[in-house]
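The structures considered in this document are given below.
Next come two complexes built around chain A: one with chain B, the other with chain C.
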Partner chain A sequence: MAKDKAVPTDKIAAGLTWRQLVEIEACARCGECLVWCPTYEQDPRESICSRGKLGSLKRIVKSGLGEEEQKEFLEGLYECSACGQCHIVCPVRINTHELWEQARQSLVKAGIPQPEQQIKHLAAIREFNNSFAKPQAERGLWAEKAWRAGLLKEPVRLWKEHTASVLYFAGCTASFDPAMQAVAVQSARLLQEAGIDFSILGPDEPCCASKLRRMGDPGFADEARKRADLFREQGIRTIVVSCAGCFKGLHSDYTGILPVSVEVLHLTAYLDRLIREGHLRPSRKIPMKVTYHDPCHLGRHNQIYSEPRSLLNAIPGISLVEMRRHGPFSACCGMGGGLKLAKPEIQKKMSAARIRQAEETGAEAIVTPCQTCQIGLTIGIEAISSCLKVYHMNEVLVRSICPEAGREHIEKAFAATEE
Partner chain B sequence: MGLVLSLGFYAAFLFFVAGYLARMLSWARDAPPQAVPERNISLYVCLSALVDILLLRRLLRVNDVLWLGEWTFHASLVILFLSHLKYILDPVPAIIASMEIPARVAAWLLPASLLFIGVIKLVIEKKPYISSYNFMLLGLMMVSCVSGLVMKYSFPADLADIKHFTMGLVTFHAGISPGSLTFLFHFFIFLVILMSLPTHIFAAPLTMIEARQRDDELPYLMHEK
Partner chain C sequence: MYSKPWVLFWFFAACCFLYLAYSLYHRWKGWSRGMKTGAFAKVLRTVPLKIWVSEVFLQRQLFSLSFPRWMIHQCIFWGFLALTLLTMVSVTLLLLNLITLDAGLHEFFSQGAGRRLIKIWGDFFGFVLSAGCAGALARRFVFWSPQIAHDKTDIFLSAYLLFMTLSGFMLEGLRMAVFPSDLDRYAFIGRLFMPSRAGISSGLEAWHTWIWIVHAFSGAAILIYLPHSKLLHSLLAPLVIALNAAEEQGRKDMYWPKTKQYRPTK
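Presenting the complex of A and B:
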């Protein structure tokens, strides 16, 4: 097969780090990755699994790929949720998902763009500073609406009006998606229940820009620096994040960009600490057998496994059962890495497979602290008409601590506001 | 014949070394200078990585049955490699000479572990698990093992002749080729394996050290920037 001379192999190699060039050579081709890859399970092609992608990258760096091979490689590179399972099972510990993101960036720099849907999504983030292409002025409206509807104990203050000890970072989805605004409201309410002095940035809250990194946008580092400068200028020392994707962005992707003096915590870890210190007490009984879905960005990528489980175990009446794949081996629901945008049908299959694993446990509900996973798992439930319920961790906690801030009440109150 | 075999050996060795040199040069040429890590590696990181490499610890955590086969395979390979050094060292160091019995055991364990791995991957796990390259390499290893065992137990070759020939290779004095056909076949398979040695033999330890360094510096992260 003729090599595609238009592919600048030297530029692609130059976009990778020295470590990554070594990693490409380190693959023992054992195939352990394809045994565990949740995407390969749904689309068993060699180009989908890490072994195949590493082999292609090796050939790209060495001599380039033929037209067909390159097409397959690109499909495999973007038909990947960057969940990190292959890294966990790799006997030689290749930092695979980091490599995929860097390779995406490297390809873009070399003139080979992302799939069209991802390009549109990234353009929206750059233009509007949020992934929903909505005016930033609307970002903090959830807090005002919630206060007016009596869902909060006190109004949520803006950082510019009150420099608090904690910044609550809601993220784009909980700020703009009407179906997920309950997550922001409940997060704020739980912090108020614990007596935490916190503020939000409201219209000044930026998109964390982590999706730029996920999808290989070369502008990520510059955008991240702008956000880090904003946090520094505002004198922010502790950021509590309810979105797993934003947490990965601020906690992991910003390493070396955000000053080490700024502490970034995920809400689950923070609430777990507050419960252990006695500031928050789940008191009402929730008699329910649940299973826990580890979001990739929280579990594998940031090693938060025990805190969410500890939260569930702190709720009276909750009985936690584990799926056969849990913790570091938790199967991805397919919502990460831009996969849902590039290949929605694969995401649906991955999510359906995850729901079947949850059903095997005999649980009534699957709980996750990630709103994106909640959306993804709901797609799986609809795909296989499962009777399982999906709850955000906040919802379960709120039902035990302050049931008047339950999702149903929030949605009803917000719908009334819209009318 | 001795000259042909010697030239074949040098060609295979050059092919092997040149392949790695070319890769290292391409890394130096392609990687941006700022991406070259300039970090001090602590003793703890070195020791942890050494244990990871020697025990194949990550595989043990993920797939203990396969680990048994893979660890036996790699350990046997190392023992056989070390014991074969007696053919190119004069005098033979005591530690190499003392490996005679472990090498005899390893000579049987190596093909057995290859079979074990094949059964797990192809029969039990039923995944398209081994790549065609792996098949070729493992096939060559198996043929090499069998020819070595045949030479040891069925058609013994003259060890003095072999030593004379191999010492000639390393001292650049091409000697007379040993007459044993089994040896010639065994040596030929060795040359093919040398030319097709997987790059992970050298790159994987570096990656495992780097992973330990990452664990050490960023204990709660999977990523670094």
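Presenting the complex of A and C:
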């Protein structure tokens, strides 16, 4: 097949790091990646697994690929949630998920764009500063509504009105998605229960822009710098994030951009610390057998494995059982890396597979501290009509500490406000 | 004495070496197109010895994934490394001897007491390498491990390395048959390849020459094949492993627990 002469191989190579170009050639083709890849499990094609993608990327930076081969490579590159499982098991330890994100960016820079759905999503983030294409003025409304509905102990103050010791960063999904606003409300309530002095940025809270990085938008670094400047100007020292994706963004993707003096914590780790220090006391018994789903951005990408488990174990009545694949080997639900936008049918299959793993444990519910995973797993539950329940970590904690802020109450109160 | 086409061999070996150097330079230029992060310079400066030993030389990651695969890879890795080292030392001493700068070491190792060390070393690591290659081929064709890519160049590489070691043993066996020595007892594998003394004839010398040609020339040819085959990972993977393992250790995510309990398939 004729090589596509239009592919600027040098430009693609220039978008990768020297180290990544070496990594591409260091692959020993052992195939360990395909044994573990949750996407390959649903779509077993060589072009989907890391070995196939590495081989194609090697050829593309060397001499370009034929038209068909390039199409297949791009399909594989975007049919990937960048979950990082292949990095964990690779005997050569190739930093694959970083490579895929960088390769996406490099290809875009070289004029080979992302799938259409991802482009639309990224455009919304750039235009509206959130992926829901909603006005920024609506971002902090959840806090007002929750206070008016009596779901909070006190009103949540805006940072510009009260410079607190902690900034609670709710993220786009918990701020705008009506089905996920409970996460933001419960996070605020739990922080209040622990007596933490915190504020939110409200309409000034930016999108963390990590999705730009996930989907290879070349503007990520500039956008991240703008956000880092905002945090610096506001004198923010500690950011508590309830979204695993935002945490990965602010904590990991902003490395070298965000000042080292700014501490970024995931809510789960922070609440675990507060429980251990005695500021929060889960007292009501929740008799339930649960299994825990590690979000990739929290677990594999940031090594937060023990804190959420210790948090669950601190709740009286909770019995935690592990799935066959957990911790560093937790199977991805398919929500990351823009996969859901590019290939929704594959995401559905991946989450269904994860739900089956959860069912094997005999648990009544699957708990996760990530609202995106919660959405993804719910898709899996619907796909296989499972009886399993999916709970956000906040929901389980709230039931034990302040049940009046349970999800059902929040949804009912918010629906009434809408009316 | 049987004849060996040394001049032709040295010419061929020099060409192979130059080709390898050119190929690696070409590769280097290709990598240099990427953004520079100074990461590899950091490897040499900051990666602790413990990581080089456990992750690169003992391949702990592979060990935790599969013991048989680890064993096969260790055999190939150490066998190849030790025989390469042996060849390099022998060639260096031979060249130094030509300009009389070897301080008698060439004679010591080729004809003196040091020869027994060479024989034990060569036979032991030759056996290790051939066992590893045989294991790799068996895993590919007998056990049909589903994760293996049946890439022709990968199959060729395993067969090539196995052929190299077997031809080496055959050469040693013939040499012992043609020129018996007291030190033959140290060549504990080569002896198995020695034709019976009853069959010794002048024809064996010609066979010896031909097998030497095949073994020596195919050994040098590996330098040409290296940059175009999976063998390139023998140069690059140690750097990548060391760098990434050092970073993982910094993040404290390197020492994950037993892999097998999570393994989704065989």
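In the analysis below, the second predicted complex is superposed on the first by the 419 of 419 C-alpha atoms of A that agree within 3 Å, B and C clash if a C-alpha of one lies under 4 Å from a C-alpha of the other, contacts with A are read in each partner's own complex, and residues count from 1 in each chain.
Assume a contact is a pair of C-beta atoms (placed from the backbone, for glycine too) under 8 Å apart; a residue touches a chain by one contact, two chains touch by 3 or more.
Quantities reported herein were computed from a predicted structural model and do not represent experimental measurements.
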{"item": "Combined model on chain A where chain B meets chain C, clash or fit", "value": "clash"}
{"item": "First (chain B), second (chain C), both or neither touched by A:326", "value": "second"}
{"item": "First, second, both or neither for A:113, with chain B first and chain C second", "value": "neither"}
{"item": "Touching partner for A:150 - first (chain B), second (chain C), both, neither", "value": "neither"}
{"item": "Which of chain B and chain C A:84 touches, first, second, both or neither", "value": "first"}
{"item": "Contacts of A:195 with chain B and chain C, given as first, second, both or neither", "value": "neither"}
{"item": "Which superposed partner A:259 touches (first chain B, second chain C, both, neither)", "value": "neither"}
{"item": "Touching partner for A:10 - first (chain B), second (chain C), both, neither", "value": "both"}
{"item": "First, second, both or neither for A:251, with chain B first and chain C second", "value": "first"}
{"item": "Those residues of chain A which chain B touches in one complex and chain C touches in the other", "value": "10, 13-14, 16-19, 21-23, 25-32, 34-36, 46, 51, 61-62, 88-95, 303"}
{"item": "Contact footprint of chain A on chain C as seen in their complex", "value": "27, 30-37, 39-40, 55, 59, 61-62, 65, 69, 145, 147-149, 151, 154, 230, 232-233, 236-237, 239-241, 243-245, 248, 251-253, 256-257, 259, 262-265"}
{"item": "Residues on chain A engaged by chain C in the complex (per definition of touch)", "value": "10, 13-23, 25-32, 34-36, 41, 46, 51, 61-62, 88-95, 303, 324-329, 331"}
{"item": "Chain B contact footprint on chain A (complex, rising order)", "value": "10, 13-14, 16-19, 21-23, 25-32, 34-36, 44, 46, 51, 55, 61-62, 84, 87-95, 97-98, 221, 251-257, 300-303"}
{"item": "Chain B residues within the chain A interface of the complex", "value": "23, 26-27, 30-32, 35-37, 52, 56, 58-59, 62-63, 66, 70, 121, 125, 127-131, 133-134, 198-200, 202-204, 206-208, 210-211, 214, 218, 220-225"}
